[in-house]
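Take a look at these structures.
The two complexes that follow have chain A in common; it is paired with chain B in the first and with chain C in the second.
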Partner chain A sequence: MRSRISRGLVFTTLCLIGVSTVYPLVFMAVNSMRTTQAFELNPFGLPTHLSLSSYSALFSTVPFFQSILHSLFVVVPAVILATFASSLAAFVFTKVPIKLGNVLFWTMLMIMFMPGIVVLLPLYVEVARTGLANNFAPAIFIYTAINIPYGTYLLRSNFRAIPDSVVEAARVDGASWFKIFLRVILPIGKPGIITVGILTFLNIWNDLFISLVLLHAPNTEMVTPTLAQLSGKYTSNIPVLMAGLLLGALPTLILYFATARVFIRGMLSGAVR
Partner chain B sequence: MASILIEGVSKVYPNGFNAVRELSLDVAEGEFMVMVGPSGCGKTTALRMVAGLEEITSGTLRIGDRVANHLTSKERDVAMVFQNYALYPHMSVAENIAFGLSLRKTPKDEINRKVAEAAEILGLNSLLHQKPGLLSGGQRQRVAMGRAIVRNPAIFLMDEPLSNLDAKLRVQMRTEVRRIQRRIGVATLYVTHDQTEAMTMGDRVAVMRAGVLQQCDHPQVLYSNPANLFVAAFIGSPAMNLFEATLSDDGASLRLGSQSLAISEAVYQHRPGLAAYRGRRLVVGLRAEDLPVLGSDHQTETVLKAYVEAIEALGSELLVHFSLDAARVSGEQLGGGAELEPAAAIDIVGEGIARVEPRAAVRMGEDTLFAVYPERLHFFDPESQIAVS
Partner chain C sequence: MSRKSRPATVRSTSLQATPLERTRRKRNIFSYVALLPAALLVLGLMVLPIGATVWHSFTNWDGVNSTFIGLKNFELIFHNPIIYQVLLNSLIFLISVPLILVASLIAAVLVYEKVLGWRVFRFLFFIPMVLSPVIVGVLFSTFFLPGGAVDQVLRVFGLGNFSWLGNPWSARVVVILALVWASFGFGMVVLLSAMSTVDTALYDAAAIDGASWWRRLRSITIPMISGSLQFLSVINVIYTFTSLFAFVYVITAGGPGFSTTTVDYYTYITTFENGQFGYGAALALLLFLIVLTLTIAQVKLFPNREVQQGS
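Take a look at the complex of A and B:
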């Protein structure tokens, strides 16, 4: 009896979480295809007839596709660099016996606990003075650096689950530390690494403040600041904004569905025992 | 192929724990050396130092004619089988076995040939393309062995490789591991906590306790001439019966509880050191099989009367659990390294086990007379715990 009740409870909770996750997407999709008048009369109503006028309005108001390209141009290399660096750091912190490893790790964590907004002003001053603004390469490296601590933190607990004896077996087999990282840790840790990659992608893709500081000229602007322009101080065209947000979220969704399979399958089975 | 020479090697961890103390051991080319001892005795640490996974605090390790203290595992050219197998879960069986070779830039066709050869020896042919996750415990164990033998290493190290298998498979794999090792002919250091495994597999067996090597010899020597109380209690199943006793002033009899066993001149010739214990306390040891029931087959001057508590019938033999009024010295007491206290009172009950013929006349709940052959008795100094010989 108890198990049926608790299972029902779990099921209900999961349903609620599911709805709360999917609803915003549905809300965006539905309202992006309604006219402004229809939305303002009844924001939560169902569409009577669908129109794509918001999308054409979006493309004519802001350089949407260009901003998507800018974003991809920054985000993809930054995600690859940050994820690789985080994996390497997490590997060293968990598997390589180094002096002061823990001190280094906690120092890094302290940096992570500092709110990002705190570095915004110094970052702006520094970027303005050195003339690195509106330039993709510095932006890539700054985003990489900002995202390394969190990724390292997540992957450290992930790599801890990899048995030390597997690493030791590779050492006895004659692998160097870097070979162990490339050929043992990376493949085994793939699910965690991909998770960190997606989270890093989300972090950078959705970032507004740092992107405003680093890339604010129209010919370098990323997607989030571009969409922010749609929301005016006094007036906002909500359906157009919805269309922009939905299209802006599309790369993230594609990335998620493309990699979802990896999360489900555990990579560790059969290593030990 | 090479020999292993461990000379006065110690391991002290940063927290001050001294895991291995002044260990000296040599493993000849092709020899199968088993290190055995209770958990925490330092045997695995010693093995890991040889493997290059643990730094050596002091002492010298030689592999072949090279000092190996500061060589990496790769340079030492060792192969190791881990207790939990430690297979690479993302690689197929063939890739697991080939990993070490591919790191050494061995040509592809040579790798294939060697992997096929190893798979043949281990009976893994049909599993080469499986991932370890799909294999049974015994099969994983074989893959771990395959990974070790494929490289033709200088030495073999095995850390309790059979302890995760079920009892039947373990017995079967014992023979198999020995067969493979003989075929490869590589010096092997094998760690286990199971004394039966040690006795059945080892060319020689090294008994460790609290980081100190107790005795290293052929299994039969360890059994019949244990160097000290610890080895006597550890080696053999059932364990040796150990009781506190006192040798009479004239040395003609041994007082065991309320009984007295005659000690003839022959015993003193066999163990000359015993003379020094006249009138002193010592520990006497009796192997279970050296206590037959007194009868037509066994007629001795010296007899031991004991109360039969229980009988375990094993078919080919009976294990008779008996008790007598002498203080027993237990293996647990020894494991902790505690000093033996003198028996406080005479009414102490000590328990022991005798291994007798299935048709022997014993009955539960009765006093039984056991034949004692005094020259088969073992004697130990109660303070130093060293065997009297």
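Take a look at the complex of A and C:
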């Protein structure tokens, strides 16, 4: 692959794939600012004049802004709880001697591969029976629990890379295990923990199934079910739909753009498996 | 265990025998306390529910009352013609797995060439991965609406409006395309991470021997990352069976007819829309057994050190 032609070919192919991943974002942005008539005439190309009427139409027909808040309200505590619990568990599995540690870890791994519906079905019934349907608390804890096995799995391989000698040195200095976790493991493992935190955020924010089942009342609905239903109501009005999609994607896109450096490095360092 | 406690031993011998025991006990208490949050949540909100699902798969359960009916649910499942259609759909959707692997491999290999702007490409290829399946699904269904973006492109070639989502096979194609587009970024990252561990001396030696680019790809890169390819294959097979729900929900709602209904989507309908919880539990369990069988089959088919070590 030294010749100029083949490098040019590689570059062109990369550009084509790149266009395929970026174009949908452009499509959403551009068409959210077109009127319906303008969209039907020409869905491609640049809009001749920008109109924000789709956005006002979006906000006046569905409680879109609230749905974003509901999502944040569920996702943020769940991400913090899940990442914290996973970090502690991964620390125990890698650095603290514990009886049956491996058995516990592999049990967790088995549970990780369980289809979501196996878990959610009785939980849904229980939540409805105890009158907690459309309550944020069960959703937060269920999302937390479901993301713990994967987080623990990822962080275990991450913490393994931290030399045992560092932990031993701290032990010799008389540090308690909890102190070692706070002062040694968290700072050294920070890139991995952040990566896992971002992955967990994406998992929960982007999920449809659990939010659809647990939070279906208009005053608790999260953003993905809102978007999914929007597509049913507005297939005739694509610009409104695109406005919703873009705003719904914005939090994850911002998170990705802002953390890409750490996140991509974390993913590449084998944090994903 | 003993290796780690040695420094503490040295220290405590200068004092007494009891502090050592105290550290050991304390250490154990710590490990249980530290595991408690994870263990409680996983036990209460995953293990117990799994047990409940297993139990209720043998009952007639409407969400309030349940009566034990033995294997009746499973009998009903196997006498339900829709189940066979749904299983067939999931098998058809498995076509996406090799497509995802090939797309991920192409992206990873090309990025690894490190041509101008390769970091930017790596950054861009990851965008679909951060979007919700709901967003990807709605986008794709918009593109494939009659008279939508795809039809307008095809019009240039003299092809008329086509009801992509109204026809079983083309509807499946749309779902598969959306899935491949959404998934290749993750595959690329996994493969890139594996490729970065390949010793570059191998490539240098091959280049000296005059091996072509294709030859090096086939004989060095692919064998060296086969463990990661297998990992991706396992993950994506599981995903195809258990996580197409959101794509199907927004793109086709399972239609036309049941031609794009997957097992997880069908379980959702029977359980949460029709309220047949016992039957749904049996279906969910069946889904788990299928996934388990396919995972074991793949691990056995490609005996590979990496996956077995669970690294």
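Annotations for the structure displayed:
FYI, the second predicted complex is superposed on the first by the 218 of 273 C-alpha atoms of A that agree within 3 Å, B and C clash if a C-alpha of one lies under 4 Å from a C-alpha of the other, contacts with A are read in each partner's own complex, and residues count from 1 in each chain.
The definition used in the following text is that contacts are C-beta pairs under 8 Å (C-beta built on N, C-alpha and C of every residue); 3 or more make two chains touch, one makes a residue touch a chain.
This one's a predicted model, so the numbers in the text were calculated from it and none came from an experiment.
Of the two partner chains placed by superposition, only chain C is touched by A:18; chain B is not. Of the two partner chains placed by the overlay, chain B and chain C both lie in contact with A:171.
With both structures placed on the common chain, the touch criterion links A:146 to chain C but leaves chain B unconnected.
Taking chain A as the reference chain, the count of touched residues is higher for C when chain B and chain C are set side by side. When both complexes are overlaid on chain A, the residue A:239 reaches neither chain B nor chain C. Of the two partner chains placed by the overlay, neither chain B nor chain C lies in contact with A:191. Within chain A, the residues touched by chain B in the first complex and by chain C in the second are 168-169, 171-172, 174, 267-270, 272-273. For chain B in complex with chain A, the touching residues are 51-53, 72-74, 78-80, 82-90, 99-100, 103-104, 131-135, 137, 140, 147, 151, 157, 164. On chain A, the positions that touch chain B within their shared complex are 163, 165-166, 168-175, 179, 183-184, 187-188, 190, 267-273. Contacts from chain C toward chain A in the complex involve residues 1, 4-5, 7-8, 11, 26-28, 30-32, 34-35, 37-39, 41-42, 44-50, 52-53, 56, 63-64, 106-107, 110-111, 113, 115-118, 120-135, 138-139, 141-142, 145, 148-149, 152, 181, 185-186, 189-190, 192-193, 196, 213, 228, 231, 238, 241-243, 245-246, 249-250, 264, 267-268, 271-272, 277, 280-281, 284-285, 287-288, 291-292, 295, 310-311. Here chain A touches chain C in the complex through residues 1, 6-7, 10-11, 13-14, 17-18, 20-22, 24-25, 27-28, 43-44, 81, 84-86, 88-89, 91-92, 96-99, 101, 104, 108-109, 111, 113-126, 128-129, 141-142, 144-146, 148-149, 152, 157, 164, 167-169, 171-172, 174, 176-178, 181, 202, 205-209, 212-213, 224, 227-228, 230-231, 235, 238, 241-242, 245, 248-249, 252-253, 255-256, 260, 264, 267-270, 272-273, going by the rule given at the top.
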